[in-house]
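Shared between the two complexes below is chain A, which has chain B as its partner in the first and chain C in the second.
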Partner chain A sequence: MVTRDALMAGAREPEAGTPKAAATSPATHGSDDPAGFLPRDDFDRLFDLLRADGRTVVGPTLADGAIVYAEIAGTADLPDGQSDRQSPGAYRLEPTGRARLFDFAVGPSSWKRYTFPPRLPLTRGRRVDGQVTFRAIELDPPRLAFVGVRACDIAALLVQDRAFSRGPVPDADYVARREAAVVVAVECVSPSDTCFCTSMGTGPEVTGSFDLALTELDEGFVVRPGSDVGRYLAYRIGTRPATADEIARARRDVAGARARMGDPIPTAGLPERLLAAADSPHWAEVAERCLACTNCTLVCPTCFCTSVTQSSDLAGSEAIAGRVWDSCFTLGFARVAGGNFRPRVQDRYRQWLTHKFAGWWEQFGTSGCVGCGRCITWCPVGIDVRAELMVVAGPDGGGIETVEPLAPVNPTPRPAESRPISRVPIISRTVLVSHVRHETPDVVTLHLQTEDASLLTGRPGQFVMAALPGISAPPISISRFHHDGFELTIRAAGAATRALCSLRPGETIGVTGPLGRGWPLEAAYGRDVIVVTGGIGLAPLRPLLDVVLRERERFGAVRLLYGARTPSDRLFADELSELAGRDDLEVHSSVDRAGPEWLGRVGVVTTLLEQASWDGSRAVAFVCGPERMMEATADVLGDLGVARDRIWVTMERHMACGVGLCGHCQLGPSFVCRDGPVFSLGELGRAFGREGW
Partner chain B sequence: MLATRTPTPRGAAPRRPRLGVVKFASCDGCQLTLLDLEDQLLDLVAAFDLVEFAEASSHRSSGPFDIVLVEGSISTPEQAEEIIRIRSQATLLVVIGACATAGGIQALRNWRDHEIVRRAVYADPAYVDALATSTPISDHVTVDAELRGCPIDPQQLLELLTALAVGRRPQIPNEAVCLECKRQGTVCVLVARNEPCLGPVTHTGCGAICPAFARGCYGCFGPREAANTGSLVAWFGRDGRPATETAALFSGFTAYARPFRSAIDDLGGPPGPAAPAGDTPSQEVGGDARR
Partner chain C sequence: MRARSDDALDALAGTWFGSRLPAHARSRLAPYLRVASYDAGAEILREGEPTRDLSIVRGGRVAIRLRVPERGPTTILTVEPGDIIGWSAIVPPHRATSTVVALLPSELLLIDGEALRAELAADPELAAPVYLSLLEALAHRLTGTRLQLLDLFTVPGAEPW
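Right after this comes the complex of A and B.
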């Protein structure tokens, strides 16, 4: 047992995080090894071997009127002589009359249940007498073997690899599960009416990234190893060489499957067409039928969005943070303390479809769709993504006037910020609240002290997730850097920020970060600097002003335009007065409304700009505020001659993970937490200031 | 909204929030859910000062309350007055259960002639002083939070109370039951069996129990946000399922909650004898004689 285990371990060649897609050879469907043949009567040897290696074998089996993936013991659990009939919104089991074990298309479950479990505890937090600690929950990933993986689902595993294993921040649990899993593929010869892997280029032929690939014939299986593990398994099972006739019949069956599917979706140029259709009236039409029930996303084998959940005892002293499958179709998905970015169902449907078929290319260099058809069959009202795509973004333009794409298809990348976080689960680091300053009736600045060097590497515009055990960790911009810590300026807008605002000196909190891309100060060297902000928006710009004033000679004229609702809502009022007294920058303030005590200007912040007479062609602008304020500001800045690529804004979106893995903060093809929050208007394209994104 | 902890000097024991449990027209099942939290009861009374809970204690209080859990619908003139008094005594008013959030099963009378219902139910209706309608608490006073279900889910109740005690936003998602089915790996009964299921339009929280036992959801948690009943009703009817059958499916514990109510109206009203001539269900419902 130990020896076999060691052999198997030695036989696994891929390293953590590396895809296995490289070793493909289409001529033989992915392997140079001679094909073997395994009689059906000997098929159980495979299961025995996998289980003897300490593996849980997961494969197709009948349950609740469908063929699902579940733990199975051997061939007796496979759906012998069963097939399925699928159409939009309907799935029925159907006996085939022939004794085959894999004579069906994919069902409601996908392998992601096993590589990316629906619920996963991540970290444990403790809070006793105001002192917090966080630690990871030990991973205990099972050793799995997947038997019956179709080509579309291999493609889906590779797509999720790109999100979870090969991104900047790998997911430790996913990597462990995925790398330990043996993949036994079975080629598809019975596609359903909802399948379209042929259009997505993922099947039905199994061409790589498997350990063992089988093609079923009436009397047994043509067997091809795709890895050393597969060769070992084939050797141990004792296959004989396949005959030319067996190989030919296997190829013919798979070719038959391909012919039956045809090519229902012309995919060439689809991402561009889809982004150009951002304003299509068809989104509202789909929303009349769409239930926003999330079934399409949860049956999708590539959808990876999650939410972070909190649980704790009643005293709040022991807490567990976990993650749970979520969907861009729920209302809460895009909710922030001040409102919701995608309240309408048409916004949510558009988010899903444009992400799946367009945004994914930007994010992961692949389509998010593998053509398995699950979203079509398992939509309770039978919405067929193939048909919707053809209406909204068909090759003839779908009857919709093509406009400028939503976002540039290839935005110029900026160098990534330093990434102190190496993998998830991210463990919050404990920092001391050394001082608390009440700025306005609902805004507090926490001075945080730490000796942890990784927390002191941030740059202006970056943020941290600020955590208390049992309470969600909101993203908070860093409002000043010190040699031994930093400041967070927080407005009590929801429960989590209220809890942070009620902290007292001597207590501790957890932080992760610094996260995201900050303000590109270098872009302003030798240029005029314009800072336009309102209310709490001054907080993320304060460290930028600190640097600009410290390195004053690097910049031309510097102007700060600051608006607040009322005089008592003005942040850092003392500092603003001090700045106004300097002769090397201009400070202009306004308030929306005020009593007789206010001698300054009254009106929204853009009125300050509208009276400006300077030439913006030499300027770089840094803007932070509500989206509508930034939009209005950008218009006026444009009129003053500031180029769109030199107008930098910081975007707000729901963030749960902070590292681009939970999916909540998507804005067009960007993850705001990872690719932003600071963007130039050029990078955002038409995604800036538009309803429903 | 949910800040129930008042700042206290360091070292001093924080004042426990005063918790009350009151009921109107209901079966008491939701209140009992609190007593069913057996493993947490001692922690709960340590975290909350349980000042009013007639089901559990003869020590009574008429207020004030930091938090009051309200069970039941408003079904009599006295109740309509009492709920206003309770509201005036409560910082945070949380309605619990299908009766309090939707009017309950007794709201089916809202589609009927009240006099006929009274005579059918009571031997001597002269002694019964009831309103013509059974209505949710939110029709009468402002509600701060709600727990759905018939009965409510004990874990959701515990989450609500824990969140209030700890100071986090209660994690009571308003999404469809479908998410829970999919997370659990329950095969969709609607797609795989053509079993009519209200899961896609129903508020989650029950743990998707019914589909796990191969039957359709009957909506006891009421409509979720953005419940597209129109699309689901059209789908149910596509292969000739009679409108009365679909109407019956919606005519349960949360029938009176919009948009279930509108779906029932569009389908010709709930099952049972038709409303009196000249008083169509939609008029009765649309004009509803509440207050």
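Right after this comes the complex of A and C.
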């Protein structure tokens, strides 16, 4: 038996580029090894060898009227003589009349089902007598061999590698599954009418990142090894050298596939064109046809968004948190406390398309689309992404007047050093509730005690995911740091936050963090500081004020403007009064409505700024509150001369993971949890204050 | 109390509203200016009654209130020094749209409404800048009121957490 170590001893060849031009030779590219030939009658040897290595072989097979990827035993399970006729919204199996095993394009399933399973248990949480424990659920990744991987799907695996393996917080389960899988590619010679890998530069030639690449001829396969594992497999199978004629025929078949597809999407400058069309009326037109059924994201081999679900026992003392595939097309995907950032289908369609073809470049340095065409075939109403792209962002602008782009799309991902959170473990750490203070009728501050150094060295503006077993962990800003702990100020607005607000001293909770990028205090050294905040928004700015007042000499004039709904909704009222008594900062507060007993100001917080006479050109502003309030504030600050790059806001979006893996919190090209939540207005560009983003 | 002309001009120029008027307009208004002081709690205007003066808050803080039966008086806005109250002295039907109460001891610059209306009707060169400043002040107030109407700091309905 071949051991795993023996089989996996050699690293795979380096990731191949994705040249749009045809590869030099499909039978030699990606490896210097001479091509071998494996007669069809001997093909089962490959399966035997992989199974002898203790692997489960996954490959194409007929099921439910389609060719899907599933566990297969050998050649007999492959779709012999079958092809798939595909067009927008339609898929039919068709006999080909020739005895080939891989004479189809791609089916509804993709390999991500095996590298990134639809459901995955993550942690087991227990809560007994108010004491919580969280343990990671250790999984032994299956030893898999993928047989029949198309070039587009190799590209898809590489795209997901960038999301899951190369980010600041790698997904351990994905990395383990991917490393344990052998990739046997089969070049595509039967593209469907929905294929466009040629435009996306991913195929049909298999040019790298495989262990073994096959090109099917009637009598067998031209075989190219792409790694030491592949060389070993080829050696053990016993291939003979391929003849020049076999290599030429293989090359001709793949070239024929390329020619049939053509180049349906002019991709040069596509990300910029797409972002420039952010206000196109066409989004609403597509939304009239789109059912928001999520089929496109489920069949997409690169879509990676997930949610966290909780399943608890009947007593509620033990719960398993699990990850499940989610889709940006679901109504609840961008929902937050009391609102939804993308309530309309047109918002969600635009999010999907602009993310896939534009935002992905900045996030991962690549397109999110590999041109496999699955989303076209499996759309029940036949929306063809190629056609939509050309209407909304065609080379001629699609006849639509475009506006200034949202933000430039950077072809290289952001540098890793801007995301200093790689040391954060995903599993929650337990901290003790040492004290509880009721701030307002619906806001509570928890004093949490911990000796965990990383939790104590967070920056103002960072947050934690606060977890109780059985309840989805919400992101909560840290509202003060202490030498032996920190505070969380929480508004009871839903099930999780209500549970957190009802905790008592002596109980424990789980926290993950500190997460995200905090306020850039150093940007305010030597400058005036203006803090504008409203409602619960004071909580994430409180640690900033703590530092500013502790290091008062580093800053110029300091002004705090605070707005609340009513006098009784004012957070930290005693502290505000104390601050107002200091002579080294100005404190102004206002409420939206009040009874006759209130002698302070009434009016939106921006009215505190409208008659200001100070010079904003020396100031750095830190703003936190509802997005609409921050927008109004930013306008007034701009009128006072505060530069957009010096206006810092903290953005709210739905977050499920906190580390940039679940995809929920995307705002333009940014993950709010990882790249924010603090951004300058300059960084956000036109994504700030826009409906549906 | 009628202000002395020079003092009145300085006082007017020192306010946000007055500073937006050209010098010739301020000079034209000066003869009509009076200064009035109010103790905390004093009622300056009452909702529904005739508005006799356009006023500029010079010091203190006044509350614009609406009465809601069963809720009592509700403060919608406070007006800070520099800003105006009593715009209904210029705009028909010259009836106060809200009750105005001094929250803190306050000082107001008052311009007699009837006289001001007569001057504005007679002199477009005065009317243009006065109306523009008035419009600007009311636009600020309208914008602020719209934001208040959104009730941004509350959490409507349920949410996933």
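We take it that the second predicted complex is superposed on the first by the 650 of 693 C-alpha atoms of A that agree within 3 Å, B and C clash if a C-alpha of one lies under 4 Å from a C-alpha of the other, contacts with A are read in each partner's own complex, and residues count from 1 in each chain.
In this section, contacts are C-beta pairs under 8 Å (C-beta built on N, C-alpha and C of every residue); 3 or more make two chains touch, one makes a residue touch a chain.
Quantities reported herein were computed from a predicted structural model and do not represent experimental measurements.
Enquirer: Of the partners chain B and chain C, which touch A:G332 in the superposed model: first, second, both, neither?
Expert: Once the two structures are laid over each other on A, A:G332 reaches both partners.
Enquirer: Of chain B and chain C, which one touches more residues of chain A?
Expert: Counted on chain A, the partner with more touching residues turns out to be B.
Enquirer: If we overlay the two complexes on their shared chain A, which of chain B and chain C does A:G603 touch? Say first, second, both or neither.
Expert: Only chain C; A:G603 stays clear of chain B.
Enquirer: Just to be sure I read the superposition right, which of the two partners does A:P474 touch: chain B = first, chain C = second, or both, or neither?
Expert: second
Enquirer: Pick one for A:R236: touches chain B only (first), chain C only (second), both, or neither.
Expert: neither
Enquirer: One more residue to check, A:R554. First (chain B), second (chain C), both or neither?
Expert: Neither partner.
Enquirer: Kindly classify A:R85 by the partners it touches after superposition: chain B alone (first), chain C alone (second), both, or neither?
Expert: Neither: A:R85 stays clear of chain B and chain C.
Enquirer: Between chain B (first) and chain C (second), which does A:R527 come into contact with in this model arrangement: first, second, both, or neither?
Expert: neither
Enquirer: Using the touch definition from the top, say if A:A495 reaches chain B (first), chain C (second), both or neither.
Expert: Both partners.
Enquirer: Is A:P108 touching anything from chain B or chain C once the two structures are fitted on A? First, second, both or neither.
Expert: In the superposition, A:P108 touches chain B alone.
Enquirer: After overlaying the two complexes on chain A, where does the chain B footprint on chain A coincide with the chain C footprint?
Expert: 332, 472, 494-496
Enquirer: Quick one: which bits of chain C touch chain A in the complex? Just the residue numbers, please.
Expert: Of all residues in chain C, those touching chain A are 16, 40, 61, 63, 65, 72-78, 80, 82-83, 101, 103-104, 140, 144, 147-148, 150-161.
Enquirer: Quick one: in the complex, what on chain A touches chain B?
Expert: Those in contact with chain B are residues 63-66, 68, 70, 89-92, 108-109, 113, 118-119, 288-295, 298-299, 309-316, 324-327, 330-332, 345, 377-382, 470-472, 494-496, 498-499, 502, 504.
Enquirer: Applying the document's contact rule, which stretches of chain A touch chain C when the two form their complex?
Expert: Interface residues on the chain A side: 332, 335-339, 472, 474, 491, 493-497, 534-536, 563-565, 569, 590, 592-596, 598-604, 606-607, 610-611, 625-626, 628-629, 632, 654.
Enquirer: So in the complex, the part of chain B that touches chain A is made up of which residues?
Expert: Chain B residues touching chain A: 1-3, 7, 10, 40, 43-44, 46-47, 159, 161-163, 165-169, 171, 173-176, 178-179, 182-194, 197, 199-201, 214, 225-226, 228, 230-232, 234-235.
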